[in-house]
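Just so it is clear, A, B, C and D label the chains in written order, and each chain counts residues from 1 on its own.
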């Protein structure tokens, strides 16, 4: 774990803007989940800062949640593509690569392999975060082939079931019948079976969900990253509504997310036996570490 | 993970100047595809990614063999060219030395990503083994695809033969990685005519390699979480706001073309300059690049044997375009003949625009669609230009 | 000396210095207004600019602001020593390269995507860029030349910058120390009285006070965004 | 171009059918010239090298360095590996003598006279020499396989032109069958293994090939083609 590149040089510390100094002192770097997890995401400027998305954007919320859940933000690189999502992703203090249209999983393939050859003894996490269009339409072949090749990184699809950034066109992930731009008579084919495709292509950990439960969502993100480190490709298909194009009043965004969480985004978690072993081990270790810290705290209090 | 263990090789790392100019060389009789993969072997490449397309496939399968032999560290066959070129862009952010190659339609398919490499500051080396791109389908050599690369911002070298292919490819890595350049270098040569044909190549020992890639000596930080700044999106999408104008994008583009022009001094250093001129001051100057330069060289030889006032300008660097050098070389010419392997005559257009008296540039001869450019075709133009009677029947 | 690269503003869309024929100085030399000169000559002209123009400022970049490399401590110390010899010199850092949304704090930092905001707001007429990656330095220097009347000095660990009025290449801490000596010499020649003083600290805006916000400000999903330390989030379903 | 320059350099076009070893011949010819300290460049025809489909390969051989690349459009020497190239027009270059330069040489593998009256008139006007023999029969007779047809054709060519010695050829053939520096399509490689099985040992294969070549050298030595009739026939 290297924090050197985010540690201010001693002499310049007082010449840096405060929020940069706070990155290390109060930011999520080098911290445990209890100290810096989603439960505390309000305290970090990096995750709090004004996002450039529409008011009430559920995607912006989920992206913040992703960053708050990272097991090791100081060793993580995110990759995105054109779409609303990258506007928020680029606000975080984690490196973000913005490539060409839909090529995030191809980029991640190169990046992950290059990291492994340059840093054989380090863990560097790579996550692609793209919309339904980038992941399942324009980037489809690159997404699928990165899974088929067994590339070890995490793919997160922010599914708002529409091309929000270009003004509300129908996507492969739009539900059948949805009347959207470029589907003026209603979309005439089914929503693409993303998680089935992921399973067929060899993803070893797959979750479909509507991230309304903060703890459950964080757990899934971490599981996906831990498994990708050791076993193979992992995929999270998350519902992140577009309240503008689907005309969801801001105050109803949460209710809509809960509603879809009961419907086509019903929680579904798949893992291979190999993935399961990793999850059980890592979560066991985390639990033990939590216990140990608690015990130490109690001991300290007693003393 | 592969069950087969690749051997660990111990090689001597040297500077590019030593490698190209001082290291003892031995003559080999090999194909252009072999020449390119032999250069990759000596370039200490970290990673190669490619999607097969004829005639490039010969090069990249040989590079795969070179990987299996332990000369490079990582290699895979990607899903298609856009995936390939994007993966190169991704790997490049981690700070490794990269190579890929493609041909004709593959280049066009990957062009969206390739055109973004310079702006992304991707110092990869791209082999272009030329091939017909237009319908109907054909696998034959025709370098029209190079015209589509001219405005990408990449440095472009055009190899005449197997020896050039070897030397240019090797030098390309050093040029691409200079801090004041740091953009991709494309090394083009004609498919089949060079890739699948054997020629003599003087090569240094494969125990010598170009010194390791240094991701710190870079005009942009590697995105490896080792180099500051932490808050980095290396290629921020530019959106105009009250606080930002499009000026950032325009100066960024200028920077890419400035970097391209800064490559010229290294083209002099490693390749002896962007042009080779034989018999300067002749009445007729043949000007050509790539295989057309080989045909022109042959025509030049015949013309010398016949005592004709014919000179040759071989253009090695297409980008940066050697405007000054070409002006100088053509200053005394009465006629310039530009043989080319494409229908549009992209080199001819550039040459016409580069000199003050563009009218002396003769259009062609051009062949395309995989046709050979017989020396007789060039001789025909020379005789016609000089008003000499001849017996050439085409 | 013909000044090829001059103090701006050069206008709406200036020709780049390389396109005007400026080439990077060879090893052992420096660039001054686009001409190859000795490093001392360039430093002397730069020193006079920093001593005579308004609001001299040093813009340190990520390579010297963060503690990632052996030579950072030595270089950052040398930069501060140099700053403390330039009367009323300020230090405004360039801590990273991403554009600042929604708004940059121009007193606290400079950014390569919109450097002129900081330079114009602070009326900076002479500045030094040091420790900025070459790509971003070139972009910044060109925009500064385009839109401001600021004299730019580039202190570069690599090959220098055509766009700067004065460019020093292959920079080591010892070169910064030498520059400092030249600044002192020129200051004395100009008869400027100055006691070695470190520049003022970063004047970042005070941290926003979120304590006055109420959960009601955050609508339906307030609990997800505004969790406070110690506040327990139960399942929201 | 000056006429007197022509004979220092041979521009060879080889026309045959898929499976006859046309591309292999080009590579061996190239290596042979290399072994002799001379120069060669070759361009294999690529595309659909299916069995019995037309195949062309091109070799330039010279005592001076060669710059030119690409197909030989105006050849001095043409090798025809199969009578169907002439009779059925199984060739990418029609008629088979297209582009032939004056005073040139054509070697045809056939067991009957393939040239028409019209062909002979054109070739006579060009002062060409046509060497005609049944290379396939010779290959079967000496090596026991028609796969050595290309050796017979190459042997005849080199025997007539005397560009190299049999030692240079042997080294090249040895490199071709025992070395690994050869680049060709996958089909050629599987053909090799078929031959290997037939001969059990590579050495045997080599010897058989060399026997064919030596025999054609002898045949070539027995005639002087300069100033000969248009057609020179060998009995096998």
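One rule holds for everything that comes next: a contact is a pair of C-beta atoms (placed from the backbone, for glycine too) under 8 Å apart; a residue touches a chain by one contact, two chains touch by 3 or more.
Bear in mind the structure is a predicted one, so any value in this text is a computation, not a measurement.
The interface with the greater number of C-beta contacts, when B-D is set against A-C, is A-C.
Once the centre of each chain is set as its mean CA position, subunit A and subunit C turn out to be 34 Å apart.
The distance from the centre of subunit A to the centre of subunit B, each centre being the mean of the chain's C-alpha atoms, comes to 40 Å.
Computed from the mean C-alpha positions, the centre of subunit C lies at a distance of 72 Å from the centre of subunit D.
Contact with two or more other chains is made by residues 65-66, 68, 95, 98, 101-102 of subunit C. Within subunit B, contacts with two or more other chains are made by residues 226-234, 236. The touch graph of these protein chains has some other shape, matching none of line, ring, star or complete.
Those residues of subunit B whose C-beta lies close enough to touch subunit C in the complex are 121, 179-180, 182, 216-221, 226-234, 236, 238, 241, 243-245, 247-248, 250-252, 254-255, 257-258, 261-262, 265. Chain contact summary for the complex, subunit B toward subunit D: residues 29-31, 33-34, 54-55, 58, 139, 160-161, 190, 192-194, 196-200, 291, 294-295, 297-298, 301-302, 305-306, 372-376, 379, 392.
Residues of subunit C touching subunit A in their complex: 60, 64-68, 72-73, 76-77, 79-80, 91, 93, 95, 98, 101-102, 105, 108-109, 199, 201-202, 204, 207, 210, 219-221, 224-229, 232-233, 235-237. Within the complex formed with subunit B, the subunit C residues making contact are 13, 16-19, 23-24, 62-63, 65-66, 68-69, 95-104, 112-114, 117, 133-136, 138-139, 142-143, 146-147, 158-159, 162. Residues of subunit D touching subunit B in their complex: 1-2, 5, 27, 30-31, 34, 39-44, 46-47, 65-74, 181, 183.
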